[in-house]
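Structure provided below as structure tokens; questions to follow.
Labels run A, B, C and D following the written order; every chain starts at residue 1.
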Amino acid sequence: MGEVSNEKKKELFTLLLKTRRLEEKLIELMTTGEVAGWFHSNLGQEAVGVGVTAYLEPEDYINNTHRGRAIIIGKRVPLKRFMAEALGRKNGPCEGISGEMHYFDLKYGILGQSGTLGGQIPVAVGVALACQYRKSDQVVICIFGDGTVDEGNFHESLNIASLWKLPIVFVVENNGWAQFTPQKATASQVDIWRKAEGYNMLGKVVDGTDILEVYEVAREAIARARKGDGPTLIECKVRRWEGHYIGDPQKYRDPKDIEEARRVDPLSKFQKRLMDEKILTLESMNELDESVKREIEEAIQFAKSSPVASREQAFQNVYV
Amino acid sequence: MGEVSNEKKKELFTLLLKTRRLEEKLIELMTTGEVAGWFHSNLGQEAVGVGVTAYLEPEDYINNTHRGRAIIIGKRVPLKRFMAEALGRKNGPCEGISGEMHYFDLKYGILGQSGTLGGQIPVAVGVALACQYRKSDQVVICIFGDGTVDEGNFHESLNIASLWKLPIVFVVENNGWAQFTPQKATASQVDIWRKAEGYNMLGKVVDGTDILEVYEVAREAIARARKGDGPTLIECKVRRWEGHYIGDPQKYRDPKDIEEARRVDPLSKFQKRLMDEKILTLESMNELDESVKREIEEAIQFAKSSPVASREQAFQNVYV
Amino acid sequence: MKEITYVKAINEALREELARDDSVIVMGEDVGISGGSFNATKGLFEAFGSKRIIDTPISESAIAGIAVGAAISGLRPVAEIMFMDFTALAMDSIVNSAAKMRYMSAGQCKAPVVFRTLGGGGVSAGPGHSQSLESWFCHVPGLKVVYPSTPYDVKGLLKSSIRDDNPIIFIEHKFLRAKGEIPEEEYTLPLGQADVKREGSDVTVVTWGQLFFKVATSAEKLAREGINIEIIDLRTLIPLDMKTIESSVKKTGKLVIAHEAVKISGFGAEIAASVVEHLFDYLDAPIRRIGAAFTPIPWGTVVENAVLPQEADIISAVKDIVRSRQAKN
Amino acid sequence: MKEITYVKAINEALREELARDDSVIVMGEDVGISGGSFNATKGLFEAFGSKRIIDTPISESAIAGIAVGAAISGLRPVAEIMFMDFTALAMDSIVNSAAKMRYMSAGQCKAPVVFRTLGGGGVSAGPGHSQSLESWFCHVPGLKVVYPSTPYDVKGLLKSSIRDDNPIIFIEHKFLRAKGEIPEEEYTLPLGQADVKREGSDVTVVTWGQLFFKVATSAEKLAREGINIEIIDLRTLIPLDMKTIESSVKKTGKLVIAHEAVKISGFGAEIAASVVEHLFDYLDAPIRRIGAAFTPIPWGTVVENAVLPQEADIISAVKDIVRSRQAKN
């Protein structure tokens, strides 16, 4: 593993912490009904989204997913901006008509998602094609879950991305579940990275709860992609702490599995490490936590004081 | 390689010869306009279709393809029956409304095809599911070209077939072309059998112009499938003698490639072998050829003397 | 009679048909172990086992195609495509395989598969989980299209759909907790038969699916103003029950068609066009259609409500049509 | 003016737009090295190179989705889905991605992609290569739908479609060798504008795409019997040019809509329903629709002709409508 500077580690930690606190807050808002629709928590999986985006350039792209807050934080979207959208406010980047699940924010390179799993994969490949065509030096990360791998769009897109040596990195967040069904009930091959050879592509697998591991593999893959050496398929093994969505009673799941999953915490793991390495102290940790919480609170206040998306907006932007 | 009896070899040869002669005749009929639509020749590729079907049981299934005559012969469809359909006659199994390209003949286990490449793959898997469900001991062969491998349906279906250990064998007829575009321009991985591991499936590759090789690998795969050990992906490398369809001027293709392809003849290769092994003599060969040609001629006469599909038939069987 | 929810009615229909006929299988994402995304298949895995209640990967095209293959080989698969929006991924299997298998084989096989799918909006599910796309399927010869509104209808029609020998798009709506009465004993309802849910003499309102409920409450309000609408709940779109529409239109002379799908090129157009073709001389007012605005369906209550048809739209269309004729007469 | 074929007109439009704007790329199966399945892209690979004329694998869903991704990042892809039947495999990319990208992002991006595809039957191509599915796309807010009949229209409209900032379904028909005159110099035609291809006072016939040719020959025959139809060739279905239809219907009072697609739930229904809604009092006869029978399209000339609309159907519908009113008056 290459050397990651202490500064970078601290930055990664801040992003990870911010993701965690934001998620906790969103769950609260969800439960009180202030966020509409379904909410899919990324608790326990944050290290993947943060690790793969943390050192992307601002111009680089990544698609959103239904568990996408880690990538939004990693892409340095200001919390106020994100929160306004999540609460359906006019000053979100989608003017409040799309919310967090379909969060689309081109200014920060976030490509959104249509809502049909797998549909975002060829779209991301197309963005990479445009980057290559314009020799823009940009890179695209295409991220999705293990269940989404079984969609035809995965197959069609990986073949093309590899064939054309596009500047794209495929990241699979393998949490072993798709909704309420375990991976072993739906996947013939549970080691997803092994599919890479079928596309003559480099395949990698990492512990997705170790942010440095994720970061390191992503860094290499991004560099390869940027150099024109083509895509990599990175499988990140993670654990899902919550149900599929907040409110899911998880009757289908062995309580032991939940317990075990929750014991694997990417945040406290990284925290311990940084404290061991004396990069963080309990004091600086607490300070950081306070400031993150404050930032989130401010974002919520900002969002709540902003106007709700209006009827008229529903009729705009259907056609150019 | 296991032992193939002389009787079986002779039978294989007869089927191969019949396929060749039928194809030659169909091309003639196509050129004179007696067969409508597009016609995609299987010249040079016959050993695959014959080899994989030759020792299927009558109750076993295989889907049709646009180059599908070898499998129709291999499944022992009476020529009269086939020819009636190919010429659009009422006494074809589809009563003349589907023709050779969409030839569907359940009595002989031939599943037809919708015309959209890849669409036949999940359908074949579903037939295998029914066989497994009923413990019927039947096996399904699902056959398609190298270009079709790039369809999402391939991916979704292979995953499921492997996961459920269905009694099915996937056969890829890799002729290096999809219409007018060479495989290397569209496939990141030209060795298709290497995709098998991505589905935790057994992958095999054979010289598809050597009928005994094809037959042997298919035999094993069929036996595995029938035993409940799940599917195999068999890649058969072949050469396409003609253009994509009869009439294709092949301007996109190096004439040398055509020449080279035509030098690899599964029929004469097998014929030479059987003559070397004294299973065939020049005399018995000629006799066989004559009787095959006679059978084809009779089939054509039968078809031509049969009534053409009538207007009324077009309105039948939309609903049960 | 007993009162049950819409989703429970679906569950009962599946359970009864699974018990009745062992060629019936249920397949789809999360239909098995977990009992389904919305409990429609609750308890079936335990009762009928993994061979008959089959969890699939997230592979809509293959789910649909596999169901077709199983159907032509003697099974009766009920394949769930979780949301109607996702049928976009399965169109080839549905349109080019399921719908044409029997035809292309000249009757050698049939494809008795039921594609269950959840349509409609109104729950802040956003543009990819809220569409009503029934008109696509109504344009495909070989398919039947069913979209019941009430628990009574959904149970009876799902049972009949499973027994029917044709491929069927069976649309369920998101008002899954809607309650209604159904008989204790077993029953089925015939496909292709509309139901006059309310008799009236002033205006015929043809509707189906989720929007039926808004039409029903609109009717109450209109009645208070002396306007009596006749509500025809189509239940089955293909085959279309023109007879029931015909006799109502002959009586009222006025027709409103209300569906939740986008109005343009929706199935309401087909009904309007058919009525004009065959009942032109009975109409004494223009036919009015109500449907969603020509936009995707945004997330969030305010914007979503702005786009989807509401009670007020139904009421004003009915009043318009009544008034416009009064003015003329 | 010069006479060229329909397919040559497509080729010229692509070539001119590729030369004019280097953000235009062409992608699809066999569009590159070989010049296309039907020569539409002939010579483009040689002229513009492999970065702009891109051969793809047989992956319709990805082709369409990749085109969308490229479009939101500043390119103007022209993506070919070889046959319209195969759009069934690309519906998610077209409907859930292309059509909604701009809306869902509240205008942060646009998706200027043209999906070229070959529709229609009449060449013994069988049920999987002959369908006319335009009404599916007309039901999807965010898409424009174009289906030109003549070389002149196809060239001018394809050029405008490539320049348009919206996702467009651009349907070409199989009468690829149809000849027609076009100007020597460059020209474009506006989307959303129907063309009155023949003036007449007795009956308005609205049509589009391949069937236009049969309507045109029917008109000659009808004229010989003293019936003068006005032919409106829509060219663009969405947005629909209701103005042109309106002024014609106000003049003739009689409307026939003729398309090759299956009649039930076809786009003709939308036109009929709209006309009834807005022009009810101008109509003096029921609207007649002509479309394919409600069956898949069989292979083989006799059966295919039985199913697809023919000249005789058009002529008899027009006569019917004229006669029925004469009888009344």
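In this section, contacts are C-beta pairs under 8 Å (C-beta built on N, C-alpha and C of every residue); 3 or more make two chains touch, one makes a residue touch a chain.
Because the structure is a prediction, the values reported are computed rather than measured.
The chains that touch both subunit A and subunit B are C, D.
Of all the chains, the one whose CA centre sits at the greatest distance from that of subunit C is B.
Annotation: 41 Å between the Cα-based centres of subunit A and subunit D. A separation of 30 Å divides the Cα centre of subunit C from that of subunit D.
Mean C-alpha positions place subunit B and subunit D at a centre distance of 36 Å. Subunit D has residues 56-57, 59, 61-62, 85-86, 88-89, 92, 96, 100, 103-104, 127-128, 141-142, 293-296, 298 in contact with two or more other chains.
Annotation for subunit B: residues touching 2 or more other chains are 97-98, 102, 114-116, 118-119, 150-153, 156, 159-160, 163, 186-187, 313, 318. Contact topology of the protein chains: fully connected, every pair of chains touching.
Listing the residues of subunit D that touch subunit B in their complex gives 29-30, 32-35, 37, 55-62, 85-86, 88-89, 123-129, 293-296, 298-307. On the subunit B side of its complex with subunit A, the touching residues are 150-156, 158-160, 162-163, 186-189, 194-195, 197-201. Here subunit A touches subunit D in the complex through residues 93-95, 97-98, 102, 104-107, 111-112, 114-116, 118-119, 121-131, 133-134, 152-153, 156-157, 159-160, 163, 313, 316-320, going by the rule given at the top.
Contacts from subunit D toward subunit A in the complex involve residues 25, 51, 56-57, 59, 61-75, 77, 92-93, 96-97, 100-110, 112, 141-142, 144, 164-166. Taken together, the subunit D residues at the contact with subunit C in this complex read 61, 85-86, 88-89, 91-92, 94-96, 99-100, 103-104, 127-128, 133, 135-136, 138-142, 238, 261-262, 264-270, 272-274, 276-278, 280, 283, 285-289, 293-296, 298.
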